[in-house]
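Here the chain labels run A, B, C and D in written order, and each chain numbers its own residues starting at 1.
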Amino acid sequence: MIKVGIVGATGYTGAELLRLLAVHPQAQATVITSRGEQGKPVADLYPSLRGIIDLVFSEPDVDQLAQCDIVFFATPHGVAQNMVPDILQRGVKVIDLSADFRIRDVALWESWYGQPHGARELIPQAVYGLPELNRDAIAKATLIACPGCYPTSVQLGFLPLLEAGCVDLCDLIANSASGVSGAGRQASIGALHSEVSDSFKAYAASGHRHHPEIVQGLNDIAALADGTLVNGAQSSVNLTFVPHLLPINRGIHTTLYANLTDPSVDVQALFEARYVNEPFVDVLPAGSHPQTNSVRGSNYCRIAVHRPNGGTKVVVLVVEDNLTKGASGQGIQCMNIICGLAEETGLAAPALLP
Amino acid sequence: MIKVGIVGATGYTGAELLRLLAVHPQAQATVITSRGEQGKPVADLYPSLRGIIDLVFSEPDVDQLAQCDIVFFATPHGVAQNMVPDILQRGVKVIDLSADFRIRDVALWESWYGQPHGARELIPQAVYGLPELNRDAIAKATLIACPGCYPTSVQLGFLPLLEAGCVDLCDLIANSASGVSGAGRQASIGALHSEVSDSFKAYAASGHRHHPEIVQGLNDIAALADGTLVNGAQSSVNLTFVPHLLPINRGIHTTLYANLTDPSVDVQALFEARYVNEPFVDVLPAGSHPQTNSVRGSNYCRIAVHRPNGGTKVVVLVVEDNLTKGASGQGIQCMNIICGLAEETGLAAPALLP
Amino acid sequence: MIKVGIVGATGYTGAELLRLLAVHPQAQATVITSRGEQGKPVADLYPSLRGIIDLVFSEPDVDQLAQCDIVFFATPHGVAQNMVPDILQRGVKVIDLSADFRIRDVALWESWYGQPHGARELIPQAVYGLPELNRDAIAKATLIACPGCYPTSVQLGFLPLLEAGCVDLCDLIANSASGVSGAGRQASIGALHSEVSDSFKAYAASGHRHHPEIVQGLNDIAALADGTLVNGAQSSVNLTFVPHLLPINRGIHTTLYANLTDPSVDVQALFEARYVNEPFVDVLPAGSHPQTNSVRGSNYCRIAVHRPNGGTKVVVLVVEDNLTKGASGQGIQCMNIICGLAEETGLAAPALLP
Amino acid sequence: MIKVGIVGATGYTGAELLRLLAVHPQAQATVITSRGEQGKPVADLYPSLRGIIDLVFSEPDVDQLAQCDIVFFATPHGVAQNMVPDILQRGVKVIDLSADFRIRDVALWESWYGQPHGARELIPQAVYGLPELNRDAIAKATLIACPGCYPTSVQLGFLPLLEAGCVDLCDLIANSASGVSGAGRQASIGALHSEVSDSFKAYAASGHRHHPEIVQGLNDIAALADGTLVNGAQSSVNLTFVPHLLPINRGIHTTLYANLTDPSVDVQALFEARYVNEPFVDVLPAGSHPQTNSVRGSNYCRIAVHRPNGGTKVVVLVVEDNLTKGASGQGIQCMNIICGLAEETGLAAPALLP
């Protein structure tokens, strides 16, 4: 049984790890930490776990976490970078769900997150935890930087097109919409039911922190396809990314727009071929429109491809659950890979529908 | 592997059976029928099952169903009674999620459902599938009449009080509220998003089909506690039942009101003692208020007991998922009992929260 | 043009006053105060008012408020009692939407609200602002204590029964459910979309602050009907009140239960006769079930009466918008009465449906 | 008092006309027709109108409608074209909310709507009812073709850019999302609460009926700006339009993407200047993100303009209520213009928020 520690287990991604681990046949949460709620049973915050997970939140403590096989960070950015070095030194592997190790360019990270990075020496060894792209590297990694929720959907949606080199990289658009749980479990007026429900809006249209992460990922993919070196990747991709806030709790829907440079390509076949062996990426039949409820609570990502009116614009529709494939489910998928388990272990449950 | 057939698998309780069976380690859906959708893969109706369940809807056929170990009916009332006799004769056990075999008094059934009963000879052998009440009989049954969603919540909430004989049976009130999925997957104006969402209402305040089922169940419990015979039970219980429609998909919340005849009783201790060994009934600590999202998609029923201002009125709060503990989950719980499996098999997943 | 001041205009009842005054032909908001947002245009908080109301929040100031004809308090409890004495002294009438002057028994108020009352000398002159009960007194009042949202629905629902003296006062039950806006516009985890939406729960089942207000009101009604004096009212009413939280923004639905002492009464006729001349109370035809969306954003209260299965239990269903008839709309109705305007002035708009 | 007839008043746009007319000081609904509900009071379908509008649905009848000053069609496409000729002949003006007269190219209309057009001779005299574009023509019109809900938002969002000629017409993108009421009040599985709520999806990504209407409108605007003739407009605009379904009842949010051909343009100033005198178009301050609830139930359209990361891509965010500015409110705005009333008459109410 793999012993799992979770730092910052009071938030929604922490709770999602606990929900998924509760049915994982080969892993078990053994330590859950929280600075604010120490001493409190997890069921007091999450009654859904009553009688299922009997852990109590404890103060984060490296000695205690060192007894785990794997430690997840489900913390806001800026926390993992302070504790990860000590944990890695104790020989424990780390899967970080936060943004701390996602961006290779430290200066870029520091400008978007407005603080100096506390563990820049670890950045080069962090592996970007997108299995569909990095499976082999993940298997050997000691530190996983799990992709953000939006970046997962955008990269999985553009991946086949960029690998095939059939779209114009200078004008990519990602129009995304996320459920409210993406904002976390913090008291804020903006996330109140009365402000969010029965409504819809864009936000951060002039610039969002996930933009540099997505661009780095797309550049890597494009450079690989190109034959140029990953780290020497020229910043060729020009991406417009506009996130929106949905009046639902879970779910991301991303609508991608790109211009085909090769109109003869069969985009449906391209996507099907690329993902045929992927356990969690499901390419829908031509003409389909994936709905977020078809992945609610599951680790699946569903994709459909369209060419409106048969033209050269390609529209890709991608859905995922932001807490599952967009965060905790993807983290457990990485854990399975690291531990040599079948990738689907504990992640096979279908979505909750209706 | 237990082979499971599902008649009427296109509705929400049918789909819920499929969702739960998808992760059941010892049972598998092998036949799913639908008169309207035969030939269509289940994933066309429920994309959440794509890549997980590859069955195709077929025309209901007794020969085919006879190859199953257990057949579920997830049909509207009036269907099971026509097919169940043949299926039972072939030695296959039946779990009926519909109302066909719930009420022992045929005339009462016929008056509420407005049609003659097609298999009245089977009613006496039908076992009411509430494991918390009838576990032993369920284990030996060949025909299970699964309780309705409202009746499950009302009976589990009143059960400890009635068994203890400490409330006035002449004035019981059940104020219930259900999510919209209880209305099924039929096109109707009343269940449109524009009519239901962002709103709330009572319905059937003057009389609802679940009323006689609940009263029968409560009378049985009271008579048993009393020492009088079950089937000779005098109709002692007087119940007011008012259902309401919630703008959510899943979940029932029932608020029960009763007058204590013995004010010295410790209701919290009473409930805890009654349900201490029940795997799916969770009595919350004193002062709690269960929320429907704490059981969303799970087979748990959570209960809290209050005595407002310390008086003689007892208020019981009960939550369950109407599609799971209120229907399909309870059906699988019965199946596990019948098949000699641990009752929790395949039903241990926590609720989806948030 | 009546000049209106609003103290605490940043909350939802304050915003609702502004929304209603925007279309009131004979009153106009001229001063809006907020300690936290002074200097900010109201449209920065409520973009729905952009181009319609151009006021800026100012620090609460008695001199400025004294230039109004009427001052509304849309503040949490404990605020009005400190400012109202000064404002009344300046000859300005006050309509308090908070709980400060609703309860005549100061000790009771202080025990429920956990603080000493700052203006107890004013309590006797405060008129309870329920027009259907107190229209004449409201017309002459200088200080109005507007009823709470729940109390409005419970009192309007029981009023005809209590006036007719046809129900048992010892066992009244009010099972209420409110939209989230009742919790106000404060950052809190409990009111987050992720916590509230797609869910339902009871709260404060063991005792809620609105309980003493409702009991006082029902006692007054019963005592009046009885011929006993209002202020000498013996506390004859025994009420169980359980509030619930709905996953909607606006709307209260109250389900009332009482036992008829006179089963021969025609409850439908009773309700229709009582409210025939009330502009904002609509008794639905027999057999109806009012839905909260039928009053969303309007000042109407809709009521239906049932006797389930023709028995002696009477069930009353009441809907109102908690921010309108349950707060700000009722306040403006009182203002219209005080100012000698037709009671419907500015309040005639139908609900927003769908 | 203007006498208004409404054909097809049972649907949501019909009900919205009634809601708005209920507070219109100079117009009144006098005839409402429905083939399916004749003889039924409108309040039976829309309890929100009880006591406010006492009309009864009647069979559509030209003689009766001819006694009105204006007749609205709130019917599905294909109905107005059969009745409008007779009504116009009787000297009554018509405002058609359906698609029947929006597209000048009859063959194009027939191919998208799959039926022959029944009144093609009237198409040339129909005026497209977008006041911000066509105010003068509307004032003199006898037949108004009210724009569709999506087309209103897309055209108002692109209008300033196209008039200024500062974007590349060959690559315009409109990513729109609509509330469910846009699908009308028809029983359908796809619009059930259980299917739509707590979810999000695109639809008709490969082609939607509003596409030709939008393209015609954008071409007209571009051609006017160009100096080329409207009707001889070369089809210069290349638009990708992807609609999405929001789990809300009312509201459209459109996110537009275009490439600036002149990066020196101050887009904020451009939008503010264009709409400074428009009563119902509100350009938000730079950096804003309009939310659909800021226009819920109101006739306002709110717009914000962004240039992400200061680049040459311009992103326009547009919100409107699909039933109000997107349908019935716009129709009444046209009626006001035709009748010489102030354009805001009866339409000044702010949005319902929260």
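The rule we apply is simple: a residue touches a chain if its C-beta (ideal position, glycine included) is under 8 Å from a C-beta of that chain, and two chains touch if they have at least 3 such contacts.
Quantities reported herein were computed from a predicted structural model and do not represent experimental measurements.
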Farthest-lying chain, centroid of Cα atoms versus that of chain D: B
Winner on C-beta contact pairs when B-D is weighed against B-C: B-C
Separation of mean Cα positions, chain D and chain B [Å, integer]: 46
Approximate Å spacing (C-alpha centroids) for the pair chain A, chain B: 37
Inter-chain centre distance, chain B versus chain C - centres from mean C-alpha coordinates, in Å: 39
Multi-partner residues of chain D (each touching 2 or more other chains): 12, 181, 194-195, 197-198, 247-249, 290-291, 293, 296, 354
Chain B residues within the chain C interface of the complex: 171, 173, 175, 177, 194-195, 198-203, 205-207, 211, 238, 240-242, 244, 246-249, 251, 253, 255, 257, 259, 287, 289-293, 296, 304, 306-309, 311, 313, 315, 317, 319, 354
Chain C to chain A touching residues, read off their complex: 12, 180-181, 185-189, 191-198, 247-249
List of chain D residues in touch with chain C within their complex: 12, 15, 18-19, 22-23, 46-53, 181, 197-198, 249-250, 282, 284, 288, 290-291, 293-298, 300, 302, 348-354
